[in-house]
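Next, two complexes with chain A in common: one pairs it with chain B, the other with chain C.
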Partner chain A sequence: MITRPEPSPLGRTTTTFVGIAFICLIFADVAITTVDPWEEFRRLLLGLVTPDFYATDSVVLAIAYTLAFALLGVVLANAMGLFLALLFFSRIVRTGCAVVRAVHELFWALIFLQMFGLSPLTGVLAIAIPYSGIIAKVYAEILEEANPAPLKVIPAGTSRISAFFFVRMPDVWAHFRSYSMYRLECGIRSSAVLGFIGLPTLGFHLETAFKEGQYSEVSALLILFYLVIATMRIWMKRPLMPVYLIGAAAILPWGIAFSSAHIVRFLTEDIVPHPLRTGAGWEAFWDWLNMMVVDQAIPGTIATVQLTMIALVATGFLTIVLFPLISPLLLGKASRFCGHIFLVVARSTPEYILAFVLLQLWGPSMLPAIIALTLHNGAIIGHLIGRYTETVSLRQDASTGFNRYFYEVLPRVYRPMLALLFYRWEVIMRETAILGILGIATLGFYVDSAFADLRFDRAMLLIAITALLNIGVDAISRSVRTRLRLQTSLEQQ
Partner chain B sequence: MNTLPLDPHVISRQGVGGKFNEGDPKMMVRSVLAAAGVFALMQAPVATPVMAADFVFTAIPDQDETQLRKRFGKVAKYLTSTLGVTVKYVPVKSYAAAVTAFRNNQVQLAWFGGLSGVRARELVKGSRAIAQGKKDPFFETFFIAHKSTGLKPSKAFPKGIAGRTFTFGSKGSTSGRLMPEFHIRSAFGKLPKKVFKKVGFSGNHSRTIALVQSGAYEVGAVNYKVWNREVKSGKVDTSKVSLIWKTPPYPDYQWTIRGDVNKGYGKGFAKKVQGALLSMNDPDLLKFFPRASFIAAQNSDYAPIKETAKKIGLID
Partner chain C sequence: MPLLELREETVGYSGTTVLRDLELDIAQGERIALVGESGAGKSTLLNLIHTRLGETAALVPQELGLVQALTVFHNVYMGRLHQRSIWRNLRNLLKPAKIDVDLVIPVLQRLRLDDKLFTSVGELSGGQQQRTAVGRALFHPGDILIADEPVSAVDEHQAREILDAITAEKPTVILAMHDRELAIQFADRLIGLRDGKVALDVQAAGMTPADLDDLYRNTDR
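== the complex of A and B ==
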C-alpha cells in the first residue's frame, strides 16, 4: 500500500492562500475600461523620456519641504519609538503602538489637517505618529533578540540606565542605525505622497502634473524624487544631521495660525456621531451606525480584504520572478546591475503613485491597484530575497540554469520569502485602504468621501474600522508565522 | 547577534546611490533657505486684530491648477491694489480643504461653489456670500458622452445613459456632483451606483472632459463654463466627446467672506472687499474667470442648493 506523504504545513498554507486569492480574483473587477488606453500610455512614455525640469515653479523648495517633513518626522519618531520600545513590556504601550501604526500616514494627515490646517505640524506629525508605532515595535524586537550575555556579567547594583546605555545600546546600535536609515527612506516617500492631499511637497506638483497630463513635468519630478532617495546614503551623514535638522526646522513656515480651539472642536464636536451631536438620541445613533456599517463599512471591508489577498499572493509570485535579477547564484554582474536599477525604481515609487498612473491609463477597476501593490511590494521582497541568496552557498557541482533555480535556489529561499510576505501582509492592507482615495472602493474610498463631505464623525468611525482590520491581519500573520516557524530576522546558526 | 539580510531594515543598504552625484544637498539646503521667504506656499499668516496681517483667500480646485493660479494670481494683485492690504491666494487640493481653511480662519475669503459655500457658511457663523458672477444664479451642468455610446443631444433627460460608466467631477462639487446626482436620482429613482455600470469621481471638470474623451468613462457631468471654455480653446476633441444634455439652471459659484474680518482688518472691511469684487471690470481679469461681471449675492440665494444637498443626503 502506498501512503501519500502528509502535505507539509508550508505547502498547505501556500495552497490555502493561493486558493483564497483565486476566489477573490473571480469576484474582482479587473477590466480595462478605457477605450483607448494606449494613446494615453504613449503620451506618458513620451513624457517620461523628455523630462522637463523647468516646468515646475519652486521645485527646489518642494524637494526641501519633502526632506524637511521626512527628517523631522522620522527623527521625532525615532525618539518616541525608542522610548516606547523600552516600555514595550506594557500591554497598553503595545496596543497603543499597534493602533497608531494601523492607521496610514495619509489618514493621519487628513485628521491633522482638520486640527492644524495646512501647517508644518500636520506633515511632521502625520509621519512621526505612525512611524513611532512601527519603530517602537521593531526596536523592541531588536532589543529582544540582542545577546543577553553582557547583561549577566555587569556588576550588581548597576543602574538600569547605565546598563541600557553601556551594555545594551552598543550591541543594538548598528541595527537601530540601519533601520532608521530605512525609515528615513520610507519617510521621504511618505512625505512626497502627502503632497497629494495638499502639503507643499513633491507630490503636490506631481498630482497637478499628472492630472493635467503634463508628463514631461511628471517625469522630471519623478527623476528628482529617485535622485533624492538614491543619493540618500551619500548626503545622510551623521555629523551633518544637526545641520539638516536645523535647516529643516528653519525652512518650514511655522508661523501659521492654528488655535487650540480648533483641536478641541475637532475632538469634542466634529468626531462625535451626528445624531449624538445634535441630541437626536440613541435610537437615531443606532440607525446611523447601522447605515454606516451596512452601506459603507461592510462593502469597504470586503473590497479591502479582496484586494489585499490578491495583491499578497501576486506579490509572492512576482517575488519568485524578481529575486533572480539580483542574485549572484543565478545572474552575472552586468545583469545584476540592471536588475538592481529596476528594483530600486520599482520599490522607490510609492504604490500610491503607481496606482494613480495606472488608473489614468486603464480606467477605474481593481486592476491598477493590484498591479501597483504587486510591483512595489514584489520589488521590495524580491530585493531582500535576492540579497539573502548572497549568503547562500551552493555545492561546487550544483546544477545550473533552470534546474539550479528550481531545485537549488527556490527551495532554499521559499521559507524566508513566506516570512517576509506574511510580515508585509499588514503593510499591503494599509496601502490597500489608501488606494481608496484614488477611487477604488476599499475602505479608503469611504474615508475619503467622508472627509470630502466634511463628515469627520463618519471618517473617524471608518478609520477605526480600518485600524481594527489591520490589527486583525497583523495578529493572523503573527500566528501563521509562529505556526510555520517563520522568522524575519534569524540568528545565524 | 548577526541578522541575515532578511530584516526589512536592510533593504536600503545597497549602494545604487553611489552612481548618482547630481544636486549637492548642502548647496540645495542653502539656496532653499534663501528662497523660502520668497515662495512660501504654505504661508497663511495669522489674522490678529493688532497686526494688519495679509488677507488670504482660496478657491475650490474645480479645474486645472495652472488655470486657477493664473486667474487668482491676477485677482490677488487686483485686490491688493484696491484694498490697501497684501492679499494672497493659497491653492488647495480639494473642496473640503478649501472649506476647512476657511473654517479655521487660514483664509478669510473664498471662491466657493454652491455646495462648498453652503457647507462653509454652515460651519462659520456670521460668514456671508457677497458676490457672484452675473450668470452664476443660472448655472448649468452639461452631461457629455463619448461618441462610441451613440448618445445624441436631447431636451429631455437622456435615459439612455443607464447601464454605462459615468464620472462625476469632485465629490464636493455642485455642478459636477450635487446637481447631476440629483437629476439622475429623480430620473431613475435609484442611487447612481445602481443606475450605472460604474461610477467614478474624476476630481475636477477638466479631468472629467479628459476622461470621457479618452473613453475611460462613457458619460460624465461637467461644469458648463469649463466645457465652453475648453471647447473654445480647442482642447476638446468634439469628434470624440459631445454634449448630450443640459440641466435646468441653478445657483452656483460665489465669493464668501468670514463674518469676523472687520475685527481683523478694520471697520467696514467686508464691505470694501465686496465693493472691490463688484467693481472688478478689467476685461483681462474677467476673461480668466470667465465671468462678464460680478453682482451682489446673499446667503439666501443658495437655499435651493442646501435643500437639494439635504435631499440627496450630502449634508446632514
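== the complex of A and C ==
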C-alpha cells in the first residue's frame, strides 16, 4: 500500500507561522500617508548619488564619536561578559544576564540619560550593559562546547585559575576573538543609533540632515559609515587596540557634569509608582497598574507581537530570495560580487535608521517598520545561508537554474535557515519594540512618551513588560528549535 | 562507430594527474565494469566519461548526491527535472501529482523501495539511500547509466537485484565495482585500472576473480 505524503514537522511549523503572520497583516495599518512619497524618494535618491562630504565639519567628528562609544562599550562588555561567563553555572547570574539583554540598548540609553544626562557614561553604559549579558551567554556556550579532554589530563591539584589559562583559554581564544569582532560591528551600529536620542553620534547628524532635507549630507554620512564597517577587519588590529582605546577615551566630552543627588532621586523616588510615592495607598496603586496595563501595556504588546510576527515571516521569505545572490551553487563570480555589496549595505544599515528613513518618506504606519526589519534581518540571514551553501557540494549531474534552486539547494538550506530565523525571533522583537520611539504604536512608543512626560515610573514598568515579553519569546523560540531539532551554530560565523 | 572515444595524455584536477595515457573506446550496448584498487582512478574515469556523454547519461556518484530533506519520490523524480516545465516541478515539490507518482512507483517496485515512497531520505538506512540514488538514475530518460560503486551498501542478494534492474532498464552501463566476482558476473567487458593506467581490458566471459589479482598486488615504489 502506498502511504499518502504527510506534511513534515518543518512544513507544519512553516504553515502555522505564515498563517499567523497573514492574520496579523490583515489587521495591520500599512498605508502610505504622505502626499507625494515618490517625489521625496526621488530627491533622496538624487541626494544619495551626490554625496557631499564637506556639508558640515561634524561628519568626521560624528564618525569618531560613534566609534569611541562603540569601542569603549564593547571592550567593557567583553571584560564583564567574560567574567560573568565564568560564573554562568550560577542561576542568579544566568537570570540576571537574561534580564539585562532583554532590554534594548536604546531603552538603557533612555534610562541612563535620566541619570547621567548627556555625559559619555550614558552612551558607554547603554552599550556595555546589554552587551555583557549577550557576551556572557555566548562565551559560556563556547566554553561549554570546548574540548573537555585536555582538562582531564592536567595534573591533579592544579589550581583552577592555572587550568583555565593554560587549558581552556588557548582553546577558545580564537572563538572569543572572532565573536568580539562581530560584537564590535553590532556596537558600531548601536552607537550610531544612540544619536537619535541625543548623543553626539552618527544618528544625531543623520536625523538633523534628514529633517532639513540635506540628502547629500545624509549620503556622505552613510557612505562613511559603510566604509568604516566594511574596512573594520583592516583597521581593527590587536596591537593598535590600546591606541584606539586611549583615543576613544580622550575625545569623548567627559567634562559634562551630572549630580549624584539626581541619580539617587531617580533610583529611589522617580521610578517608584506614583501612587506609592505619594502615599495614596495600595488601592490607588492597583488602579494605576490597571490603567497602565489596559491603556498602554496591552495595546503596545499587541502591536509589538503583530509587527514581530509579520517581520519574522517576511524575513524568512526575503532570505530565500536573497541568499542565492552570494551562493556559488547558483550564480557566477561577477553577479556574486554585486550580491555581496548589496547584502553588506542592507545588513550594515541599522533597522532603526532604515525605518526612520522610510517613515519620513511614507508617513507613520507599520509599513516602514516591516520593510526595515525585513530588509536588515533578511540580509543578515541571507548572508549566513549564502555562505553556508559554499560548503554544500552537488552531484556532477545536478540540474541547473530554477530546478537546481528549488530541488537541490532550497531543501538543503531550509532547516539551517529556520534555525537562524527562530534564533533571530527575539532580536526582531527587541527591535520592534524600539521602533515605537519613531512613532509606531509598539511598546517603545509608550515608553518614549512616558520618558517625554517625565513619568519615569510608567517608563520603567513598560520596559519591564517589554523585557518579560522578550524573555517569553526567547523561551518559545528555544522550545520550537528543540522540538524541530534545529541547530544554531551558524549564527556565530 | 563507438559511443565514445577517449584519447587523453593526462586526466586530473587542480594540478594532480590521476590518469595517464588513456585510450578507450566505448560502444553502444556495452556493459562495462571498472575494477581496481581504491585510488586507482576509477571515479576520475567515470566522471570523465559522464562529462563527455553529458545529458544522455544518468549518474550515480559514490556519495549519492541525494537531498536528505526531500522524500524518496522527490529524489527519484529529480532524474527527469530537466525534461519538465518549472511549474510542473514546483507543483510536484509542494504536492506530488498522481501522474508523476504513478511513473515513479514502478521504478521503486523494481528496487523494493515502494513502501518508502513518501519517506524523507534522511530517515532511510544506507542501503535504502543507495537504492534511491539508483532509482533516480533509472528514472533518468537517458539510455546510458554510469555508477560509482552502486551496490556497496547492500547485501549480495540485493546487489544482484539492483544490477538486474539496471541491466534491464539501460542498454549501456558503466559501473565501478570492488566486488570482483559480482563484476565478472554482471559485465561483458572488464576494464582494470592500476596506478592511473588501463592495465586490463578484456571480455568478462571466462574470467575468474583470481585473474584480477595483478590489479590489486602491491607495487614496489
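Just a few scattered comments:
In this text, the second predicted complex is superposed on the first by the 483 of 493 C-alpha atoms of A that agree within 3 Å, B and C clash if a C-alpha of one lies under 4 Å from a C-alpha of the other, contacts with A are read in each partner's own complex, and residues count from 1 in each chain.
By our rule, a residue touches a chain if its C-beta (ideal position, glycine included) is under 8 Å from a C-beta of that chain, and two chains touch if they have at least 3 such contacts.
The structure presented is a predicted model; accordingly, all values stated were derived computationally and were not measured.
By the document's definition of touching, neither partner reaches A:287: not chain B, not chain C. In the superposition on chain A, contact of A:227 is made with chain B only, not with chain C.
In the overlay built on the shared chain, the residue A:408 is in contact with chain C alone; chain B does not reach it. Using the contact criterion defined above for the overlaid structures, shared-chain residue A:213 touches chain B, although it does not reach chain C.
When both complexes are overlaid on chain A, the residue A:395 reaches chain C alone and has no touch with chain B.
More chain A residues lie in contact with B than with the other chain of the pair chain B and chain C. Look at A:196: by the touch rule set out above, it reaches chain B but stays clear of chain C.
Once chain A of one complex is fitted onto chain A of the other, the partner contacts of A:8 are limited to chain C, with no touch recorded for chain B.
In the superposition on chain A, none of the residues of chain A is touched both by chain B in one structure and by chain C in the other.
Residue ranges of chain A in contact with chain C, taken from their complex: 1-6, 8, 10, 394-403, 406-408, 411-412, 414-415. Residues 33-37, 39-40, 57-58, 60-61, 63-65, 67, 113-114, 117-120, 138, 145-147, 171-172, 175, 178-179, 181-183, 185, 196-200, 204, 207-208, 211-213, 224, 227-228, 230-235, 240, 243-244, 247, 250-253, 255-258, 262, 274, 278, 340-341, 344, 347, 360, 362-365, 380, 383-384, 387-388, 390-391, 416, 419-420, 423-424, 439, 448-449, 451-455, 487-492 of chain A are the ones touching chain B in the complex.
On the side of chain C, the complex with chain A involves touching residues 47, 50-51, 57-59, 61, 63-65, 67-71, 73-74, 78, 81-82, 86, 89-90, 93, 95-96, 101, 105, 114-115, 117-118, 120. Residue ranges on chain B touching chain A, taken from their complex, read 1-23, 25-26, 28-29, 31-33, 35-36, 39-47, 64-66, 90, 92-97, 99-101, 104-106, 119, 123, 146, 148, 165, 170-172, 198, 200-201, 203-204, 206-207, 210-211, 214-217, 314-316.
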